[in-house]
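In what comes next, chain A is part of two complexes: it sits with chain B in the first one and with chain C in the second one.
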Partner chain A sequence: MRIPFKTTYDADLGLFRDPVQRRWYAALLAAVLLLPLAVPAYLVDISLVFIYGICGVSLMVLAGYTGLVSLGHAAFLGIGAYAHVFFLQDVGLPWVVSVALAALLTAAAGMLVGLPALRMTGVYLTIATLAFALIIQEVFTRWERVTHGLKGRPVDKPVIFGVSFTSDVAFYFLCVALLIVALWLTANVLRAPTGRAWVAIRDSEIAAQSMGVHLARYKTMAFAYSAGLMGAAGALFAHKIGFLAPDIFSVLLSIQFLLMVVVGGLGSLHGALYGAVFVALLPVLISEARDYVPQWAGQAAAVLGKDAGSAVYLAVERFVKQPGLEPGVFGLILVLFILFEPLGIYGRWRKLQVFFSTFPLYKRATFRRQKTYMRSERLR
Partner chain B sequence: MTFFAADDLGVNFGGIRAVDGVSFEVQPGEVFTIIGPNGAGKTTIFNLISRIYDPSQGRLTFRDEDITGVPAHEIARRGIARTFQNIELFEHASVLHNLLLGRHAHARPHFGQELFFLPSVRARERVHREAAEKVIDFLDLQPYRDNLVVNLPYGVRKVVEMGRALCTEPTLLLLDEPSSGLSVEETAEMAFWIQDIRSLLGITVLMVEHDMSLVGAVSDRVLALNYGRVVACGTCQEVQSHPDVIKAYLGG
Partner chain C sequence: MNGLAVGCIYGLVALGFVLIYKATELVNFAQGDLLMLGAFVCYMFVVWYGVGYWVAFALAIALVGLFGAVLDATVLRRVIGQPQFAVVMLTIGLGAMFRSFASITWGSEIYTLPTPFSAQTTRLGGVSVSHEYVAIIVGTVLLCGLLYAFFTHSRVGVAMQASSQNQLAAYYMGIPVKRMFSLIWAISAGVAAIAGVLLAPVSLIDINLGFIGLKAFAAAVLGGFGSIPGALVGGITIGLIELFSGAYLPLGVKDVAAYIVLLLVLAIRPQGMFGTVGRKKV
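Showing the complex of A and B:
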């Protein structure tokens, strides 16, 4: 078991817990940077993982740290994407300026949504954000001068300071860089008073208020910051998919973002990234499974005879070719996580860490969930 | 000068008059206790003072200033801190994190600087940390510094919550049932903390309490409430032997 030996207050102010952790992150960064050299080109197409990573960090700030659950984050992604394409291709601004403006514009939109949020809590807020997302999707459809409506609008490859990011590998590095910046900024805010105020609002609004936290201001800030990150992610997303249409930014995408933070583990930046990996790669896994699983099942059943083999093959193939399979699997996984691992993948990871660091002494009850009744008499 | 005074304070919840024309004054440096049967309006008075509820009538004065219209998040900055009857700590944060949040009233967060964690932010964080460490030393919370609150026993949580209130550097500390849920030994310890807070830190304490041994041990003056009205006010002995107080508790 490793115990960090802290001798200064600054040891608690750093981004990393101790030098060992810093080295692990350096190793991870090296692995991510070397990945394009090591694997075939088509696999580098996983830049979506990093874009979703920014989205995950964004929603994690709001849902995981401030406790405001939003079902409208696809709309923020859309605002960022359309704004970026508009500034870039219609106005003709440079790429960096365009992304910054898109992020700021989305942050302003987030602030507007955040204002009514001050009077709503829990599920009512979630429904309000859902309504916002539906309205924004309608705006994307109708505002044809900017969005080209249902015809959709093609997006050029990014060109930054004269350097073209046409190749997948270059775009991969661009996404990695932006994700690192997003993580760095967010980690900075979270270890400063503002981040603490957000956590306070999540855990007890009344106590936060009595400690001097201006609820309205910090909730609005959380919304604006979260939306701003989403706007930046939207700019990358636009380049990634290469073609914007209103139906991309549907409620289903918002649900995927929520799934991302819940499955990854609410209340940790790690969780946002685990969730991003999971949500971005699960569709790939499912489509791979579509090709192989019927064969395997057929071959396995063929032991019982040829007829049984082909029957199982056809049945399994019919099942996996169902169009609704993907959302179904997403939903099932969400339910299973909420039932068995509410702390998500990150929670599971922490348990593994504790298991190995305390190895022969690990107690099974360490993480047993308890019912507590201390908060029974809440003010609301 | 008036340190703290409630003047003809009242609040209605629908048809229920929870607090009905309560007036009292707290002198600087004293421990002032409010007692009363369940539903007498004790915690409601606390929620009125910390401005979570708006009073329907009356006014609150703190250090010669009218604080009846001050927003709830301004109260801590003025020097009034509080604890809650059913502990309201930030459960999924460490003890240190909770104490640092108690410093929020003195933090002047600047979002632009925080984004990049500029040296100015780091310097302010160090100052807050030193203040929080003083409270940790004062309340002997060293072993729990990095523990998550959710993993701590109830008695420690009570102390942590008091520590968080002390971190705001209050001049008036509101303690809502500091001994509820504590064992006899922990209650005795709480009595020492309250005396220390008054005599070593010079903080005036206004508390709501049921445990008469604790009330008798630390209180300078006691106010008895029933149905939102003042029944008696005076020293612990006087109030305990007051016929109306006995009637309120025992009936008859």
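Showing the complex of A and C:
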């Protein structure tokens, strides 16, 4: 078991735990930068992973660190995307200014949602953000002067300081850069007093308040910060999909973002990235599985005879080709994670780490969660 | 009249939320999808198997109710005591699974449910009223009377009230609390199925029927989450607001009126019309 000894305050304040960890992250960065050489065909999919990574970090700040669960983040993404396209193509601002303005505007929208959110807790907040998202989606449909309504609106490729980011590789590096900026910023905010105040609010509002945390201010800040990041992600997302339409930013997308933070593991930035990889690549996996699963099932059933094999092949193929299957698979994964691994992929990884570092002494109880019964908390 | 009838449907779905919330403190985001399942099951019996409307109605209620009880006993009981967020996510996931199940079993086309009172109208004080809407309103009134009688006058109903007020005390009094919760899930799912079958002739049946559940949230919140008469009053209010905003306000407002009301209520009076304010003990 490795215990890092910190001998200076600088070591304690550093972003990385010890030089070993820093070297691992440097290796990861190198791998990400070299990835376009290895898999040039999948670059567009992987860019989406990074954009979803920014979205995941954004929602993780709100849901994972501040404990405010939002079902409306697709609306923030949409506001960012439409605002960016409006500033870029209608107003004609430079790219960097446009992204910054889009992020600021989205942050303002987040504050607006955050204000009534100060008076409600738990599931009420989730419902309120859901309502907000549905209203915003309707606004996208009706405000045709800016959004072009249901006709949709094409988006040009990004041009930054005269450099065109038309190719997939260039766009890939743009996404990587923005994700790194988002991660660096968020990691710094989270280890500053602001981030600690957020975590305190998540763990107990009353305790945080009695320690002098200004609930209203920090909750609004969390909303604004999260929405702002989402706005920046929205700008990239607009370039990625190349065509904006209101029904892209639906409740289902918000649910996917939540799926991301839950599957990744609430309360860790690693989790947001694991979740992003998972959610962005799952549709690819499912479409691959559609080709292979019937074959496997057919071969397995062929043991019983040739007719059984082909019958099973056809039946399974007809089943997996159903268009409605994909949301069901998402739902099933969500249910299984909530029931069996509420800490998500990152939690599973932590458990493995602890298992090996404390090898014969691992106890399951280390990660057991305390149950809280709402009823006992309420005075009637 | 149409606003009233649609409001009744919102009220019934909201009633389902409230029953479950009062008893188990879980918020069921899959309530609308249970409604969709109810409508589809009834459709399947009527059109595919040629069963009479009333028999199919009863079968749909029984099947979906049973499904609700099984769901509680196998899945939802495990998450009691976990953060509310986990439950929200769980029911969202279940809802997605139900929609997927419906689209695989019944296909993603749009269906109409034939009923004995389709396309009949009565003139009532100079206004012609179609029987489908009358059926919704009559059905809601009957159901509410029945539920009221059940909760106040039957042994099981009183036991349910007790276990919803204080689980531990009810358990000490010898009430099988877990079974009560399964029963409440059954009732709530059954109510959703009734709402679905009543709604089916008015709206069309497709897998997105469940999104009406989102508007029912507005009804439940308006009435004060946790108040049974509040759910119905809230539902009817939302129905009427939608109707009038469709008539007098610009295009598009009608679709989001419910959500605007929801946000306003949450911002101004989060406990709703009939809700009680609870202080949290530390």
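Please note the rule applied: the second predicted complex is superposed on the first by the 355 of 380 C-alpha atoms of A that agree within 3 Å, B and C clash if a C-alpha of one lies under 4 Å from a C-alpha of the other, contacts with A are read in each partner's own complex, and residues count from 1 in each chain.
Criterion: contacts are C-beta pairs under 8 Å (C-beta built on N, C-alpha and C of every residue); 3 or more make two chains touch, one makes a residue touch a chain.
Just so it is clear, the model here is predicted, and its values are computed rather than measured.
With chain A as the common reference for superposition, the partners chain B and chain C occupy compatible, non-clashing space.
In the superposition on chain A, A:V123 contacts chain C only, with no contact to chain B. Put chain B and chain C next to each other and count what each touches on chain A; the higher total goes to C. Of the two partner chains placed by the overlay, only chain B lies in contact with A:A200; chain C stays clear of it.
By the touch criterion stated above, A:D12 is placed in contact with chain B alone, chain C being left untouched. Vertex at chain A: the C-alpha centres of chain B and chain C lie 80° apart in angle, rounded to steps of 10. In the superposition on chain A, A:L325 makes contact with chain C only, while chain B stays out of contact range.
Contact with chain B, but none with chain C, is seen for A:L215 once the two complexes are overlaid on the shared chain. Applying the stated contact rule after C-alpha superposition, one finds that A:K306 touches neither chain B nor chain C.
In the superposition on chain A, contact of A:R364 is made with neither chain B nor chain C. The least CA distance from chain B to chain C in the superposed model is 6 Å.
Within chain A, the residues touching chain B in one complex and chain C in the other are 206, 374-379. Taken in their complex, chain A has these residues touching chain C: 63, 69, 115-116, 119-120, 122-124, 126-128, 130-132, 134-135, 138, 141-142, 206, 251, 255, 258-259, 262, 319, 322-335, 338-339, 342, 369, 371-380.
Across the complex, chain A is touched by residues 25, 27, 75, 78-86, 88-90, 92-97, 99-104, 108, 165-168, 207, 214, 217-218, 221, 225, 251-252, 255-256, 259-260, 262-263, 266-267, 270, 276, 278-282 of chain C. Contact residues of chain A toward chain B in the complex are 9-10, 12-13, 185, 188-189, 191-197, 199-200, 202-204, 206-215, 221, 267, 374-379. On the side of chain B, the complex with chain A involves touching residues 47, 50, 52, 71-77, 81-82, 84-93, 96-97, 100-105, 107, 109, 111, 114-117, 121-122, 124-126, 128-130, 133, 154, 164, 168.
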